[in-house]
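Please read the structure below before turning to the comments.
We just call them A, B, C and D in the order they show up, numbering each chain from 1.
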Amino acid sequence: MTEAAGHVAAGETLLAVERISLRFGGVTALNDVSFDIRRGEIRAIIGPNGAGKTSMLNVINGFYHPQRGAIRFHGENLARMNPGFAARSGIARTFQNVALFRGMTTLDNLMAGRALKMKRGLFWQLLRHGPALDEEIAHRRVVEDIIDFLEIEAIRRVPVGRLPYGLQKRVELGRALAMEPELLLLDEPMTGMNLEEKEDMCRFILEVNSQFGTTIALIEHDMGVVMDLSSRVVVLDYGRKIADDVPDAVKQDPAVIAAYLGVAG
Amino acid sequence: MSLRWTSLAACAALMIGLALPAFAADQLYIPLFSYRTGPFAGSGIPIADGMHDYLTMLNERDGGIGGVRLAIEECETGYDTKKGIECYEAVKGKNPVVVNPWSTGITLALIPKAAVDKVPILSMAYGLSASALGNTFPWIFNPPDTYWDGLSVLVKQIAATEGGFDKLKGKTIGFIYLDAPYGKEPIPLLQQLAAKYGFNVKLYPVAGAEMQNQSSQWLNVRRDRPNYMIMWGWGAMQPTAVKEAVKTGYPMAHFYSVWWPGEDDVRGAGPGAKGFRNLNWHGVGANFPALADIRKFVVDKGMSKVPKDKFGEELYDRGVYNSVLITEAIRVAQKLTKTKVVTGADVRRGLENLDLSAARWKEIGLPDFANSLALSCADHNGHGNLFVQEWDGAKWVKVSGDLSPMNDVVEPLLAAAASEYVGKNSGWPKRTEACDHTS
Amino acid sequence: MFYREVGQYRTSYRADMAIFPILQDRIGLLVILAVAFVGLPLVGGSFFLDVVATPFLIYALAAIGLNLLTGYTGLLSLGTGGFMGIGAYACYKLTTWFPGVDIVVWILAGGFAAAAVGALFGLPSLRIKGFYLLVATLAAQFFLQWAFERIPWLYNNNVSGTIEVPTRTLLGLPITGATATPVTRYEVALCIVVVLTWLASNLVHGRIGRSWMAVRDMDIAAELIGIRLLPTKLLSFAISSYLCGVAGAMLVFLWYGSAEPSVFSIDLSFTILFMVIIGGLGSLLGAFLGAALIHVLPIVLRGVPPALGIDIASSTVEHLNLMIVGVLIILFLVAEPFGLARLWQTGKQKLRVWPFPY
Amino acid sequence: MHFLYLVFIDPFVQMGMAPDLLAQTLWEGLVSGVLYALIALGFVLIYKASGVFNFAQGIMVVFAALTLVGLYAAGVPALLALALTVAVMFVLAVAIERLVLRPLVNRPDIILFMATFGLTYVLVGMGELVFGGDTKQMIAKQLYLPSGAIDLAMLGGRVTLQKLDIAAAIIASVMVAALAVVFQYTRIGRALRAVADSHRAALSVGISLNQIWVIVWFAAGIVALATGIMWGARSEVSFALEVVALKALPVLILGGFTSIPGAIVGGLIVGLSEKLFELYWGPLMGGGTEAWFAYVVALIVLLFRPHGLFGEVIIERI
């Protein structure tokens, strides 16, 4: 694993958050946090509950707007991201508690993920023949590849609302992949999974990273997973960054241990 | 796939169609479109009772008309155009001799159909004013007066109380109306007369949804202080208006209305409503031989829905009047065609040759119940005389002599409206129905 | 046994993405269309066509319109009546200006006016959700109805204050006005509804339909995968209103034959919403089933007492009618909250495994 | 230019010219506002406790009034009839809870909303079947409601206050106060607020949802009865009243679906604003603006406060 992480860690900076501070009323969720994500790496964000990890992701894809600080993406400075722009510029995202379109089938969820890539306008959509259908089919191909990749062929036509949690997580990953993102944000992709599911998920994440060269930033509680997957780890505690280094170094970091006292898994 | 459902529905509908009590050939089928439900039921119920009871009385007393029993069937419209059309489609198959839509909206929807289905439409003092012109609307009848006649009479009356039309100059007449086609119809004439006699007009529309919430209209009245108020209301709008007028302290003797308010509509306002005036063309009360018969043969036998204390009230009697028009037309038709079981086409002729003289009113047990009414091929309305009655706190009292409509003003309006209607309804059929001058 | 998809392999995505992938469904559809186009006109009398069939089609179209908005995009609306009105009045004006042009063109064109107005009143939907939006759309309903009363230009200053439908012919055959036969009007309505339904179903099976459902199921997530909320919602409002507008024009020109503003009252909006809910949110089929139930049921009920030879006053029948429909609605919601469409699906599922359910 | 004058200057000139009329207008607006608030209150109570958007509130007003009048017409003494009507409303509440809410518990809001529609149909049908569809007189006198008016000579004119309207205002305020107290300080009130916050949580601490529901629907019934009496006495008791009840909806938007003070303030705002607009601006557009003005106001408010003036804002978390 680590060597897999090693060889990508060389890439130049893809996204950097600089001195981000985020406040909800009196509560400070993030306090002057800075770190960067390099192209092609797997970046882990860890920390005890309420450390502000999810808030960090929400800031990155523009769902929250920080009071201070900036985000640098593709070198350009963005005072405030917004979700639409994030999506268009290639940032995909999964959520801690799954945010799928429950009423739609697995297939439709993934196809919805292609929304940005589909160009045919109202007229052809109405006819659903010629160009529109060709486009539909082309994207269907891509989606089917992802379905095969994630081994969810069997649940193609099942409304995701009826799927077990583990599978939903997987479909959500699929939807994110369907966007062919440059940067993939995974918020606790393995919570509530049993061992096999976790192993599958790890495999998928690594393959996504190695096959498509997608840069990945993930939040995870399972230290084992984090240490195996990630090339570099940033540790948050009470909204502050307390460490940022390669896994092995972070493991030894006294501040981290203090923060995790008894929590380390 | 849904159409599978329709076909089911189809079977159901057909089944019903067949199952409908087929009316025996020796009967005259008279459908009554009534609305005992919905927001306007207050006006609809007494009318429906009156119509129903008079016809039933003929059945009970004389065994129908000329020995032919009347098959009376009410169809509930709830004053709703959609249901009205459904009713029409439902009854038209059972060759009705005449249809009384009892709603301006329904009438307008039926006017084009009537000529095609050969069913005469009797919209008594409502509906499309222009349909008074028989040469354009051979199948539509709206006796005894159009709304324009009514309005002209009211203006006449106001002028009379002021002491001459010249006195109207500078006066203000407020017009509070139900914000619907029915209520808006008189406005053009009102403005025309205003221009002619130099009085001002103030309009106070009342939206259908706001019928019982008129305080702002009456605040406007209080601000504008019109010398007279004219109301074109319906259903729950009327009692509310009267109450508000009383609240605002508007002089009741200057508050006039078209012929639709009944006793119930003013009673609620208490003694304050004393002096409120509206138009009418027929007697009120139960002391007519015919009504005595209705009481004897129908009400006392429990065959009527009318509450004992409402028997013979204004709108009830109006229902009776409407039924008299139907039955008299049938009689004429029987005479014309020398057949007992007449068809809708015959009754159309009957209506065109209708001639209700004072003598005839007496014969049918309604002496002095209403002015004589004579229709013709050209005139489907009669533009009969009207009178003003006043609420004395307990009953209506006639306070004016017979007033004739300003035909000189109304006629051209009718002609214009009719030609406009024809113009807009391209392909409107020319009158082909022959005109017989018997009777 | 007869309804089996077993052995029907879809070898291409094209085939797999067909709207009716299963052979039996396609056959069934054809049969139904045949019945609708040929059978019913032959069998049904003028009462059936004028009171049951044509209105059913018109309601179904309006229900589809509202379903796109409420069922697919998850936006509640009670402006339907008003939007239908816009369609009707627009069509009326157009045919007055250009009497020569075939009325069907104007019926379809009238919808665009409704679409514009619908989109306009859809603007608040970006910020307002759920019942708040429902009540907000009431503003559209009441304002439009008021406008229909207050702007004489809309009804060509008719003294009667109503739309009076002139006779218009297609290839010499009158299709509106009194002289148009029930059959003609029914067939015209049927053609329009079939075509528009086809287009609508194409739409909901494609990208646009998916983005609507995405917005419905979770608008935040939809935003995060790059679906623009406002354009999506407005498009939904526009297309929904278009269908409603066309339905409105048909209602006046192919059914009523004349209309006062009160025709497009709030009650109409409620009726359509009923059909959508009872039929099943997010299902085109549901729109048809709902329309059938809500429109046909009262007519059938009204016919029952005479059919049984019971003699009760028509008003009493009406009262009972109301109560029965009310009770049925509640019972139905208790029994099958997902609407008739879901019942249909379960039925098909059963049929699929019949006669060996295990 | 002249148009601008008519829109922006003239109305205020008029107000200044006839202050007594302005005062009268405000008073009328206040009174109808109070009654709107009462209807809205019925909505809020039910929405708070059971999350049901109760469309039947309007018809409940009519039904309550009809029952009262009908019983009196049947020869029951007025006050006894009043008591019986209250009893009827209680039975109605129980019936609704048993037959509608309980089977539909945990269903989507829209389904419950539709169910209240079914309820509306049933009540309309039943009401017309039992009492007939004709307009009836509210038995105001028999219920010792005052009649007549007080004329105040003020502001260089007269302002007429209907005794009935005064009574309406007082009764409405008393009811609102009473409800506020009940829901603030009594056990039931606490339970209700608990339910309003979270059904599950309330259940888990052993609050009986069904009991709460019966109580709120009963309370809403009482409110409906009061409204019915007041409005019935002002005009008539007829099914057209149901439409007036729709006016409560913009009030709800203004005030927020879950806020009792919101309902009251919203009611007053709607009552006052629509009267002022109709009287001073309405003539510019041919009048009859009351049918929609309230909704437009509500719409504008919504654009700035998507959850009404008082409704609590839901923070979306992901």
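As a convention for this text, contacts are C-beta pairs under 8 Å (C-beta built on N, C-alpha and C of every residue); 3 or more make two chains touch, one makes a residue touch a chain.
These figures come from a predicted structure and were not determined experimentally.
Participant: Where the centre of all protein Cα atoms falls, which chain's Cα centre is nearest to that point?
Facilitator: C
Participant: Report which of B-D and B-C is connected by more C-beta pairs in contact.
Facilitator: Comparing B-D with B-C, the pair joined by more C-beta contacts is B-C.
Participant: In angstrom, rounded to a whole number, how far apart do the mean CA points of chain A and chain D lie?
Facilitator: 50
Participant: Report, in whole Å, the distance between the mean C-alpha point of chain A and the mean C-alpha point of chain B.
Facilitator: Roughly 74 Å separates the two chain centres.
Participant: Could you give the separation in Å between the centres of chain B and chain C, each centre being the mean of its C-alpha atoms?
Facilitator: 36
Participant: Tell me, which residues of chain B touch at least two other chains?
Facilitator: 36-37, 179, 205, 207-209 - these are the residues of chain B that touch more than one other chain.
Participant: Among the residues of chain A, pick out those that touch two or more other chains and give their numbers.
Facilitator: Answer for chain A, listing residues that touch two or more other chains: 63, 95, 99.
Participant: Send over the residues of chain D in touch with two or more other chains.
Facilitator: 128, 133, 246, 286, 288, 291, 318
Participant: Would you tell me which residues of chain C are touching chain A in their complex?
Facilitator: 13-14, 17, 199, 202-203, 205-208, 210-211, 213-214, 216-218, 220-228, 235, 282
Participant: Which positions of chain C touch chain D when the two form their complex?
Facilitator: Chain C reaches chain D through residues 76, 124, 127-132, 134-136, 138-139, 142-143, 145-146, 149-150, 220-221, 266, 270, 273-274, 277-278, 281, 315-316, 318-330, 333-334, 337.
Participant: In their complex, what parts of chain B are in touch with chain C?
Facilitator: 1-7, 9-10, 12-17, 19-21, 34, 36-37, 73-76, 78, 81-82, 85-86, 89-90, 93, 104-105, 108-109, 111-113, 115-116, 128-130, 179-181, 184-185, 188, 205, 207-209, 305, 417, 420-421, 424-429
Participant: Could you pull out which chain A residues touch chain C in their complex?
Facilitator: 61, 63, 83-84, 86-88, 92-93, 95, 99-104, 108, 111-116, 118, 120, 122, 125-128, 132-133, 136-137, 140-141, 144, 175, 179
Participant: Of all residues in chain C, which touch chain B in the complex?
Facilitator: Contact set of chain C toward chain B: 28-29, 32-33, 35-36, 39-40, 43-48, 50-53, 56, 60, 96, 99, 142, 146, 149-150, 156, 158-162, 164-168, 174, 177-179, 255-263, 265-266, 285, 287-289, 291-293, 296, 299-300, 303-304, 306-309, 313-315, 317-319, 344.
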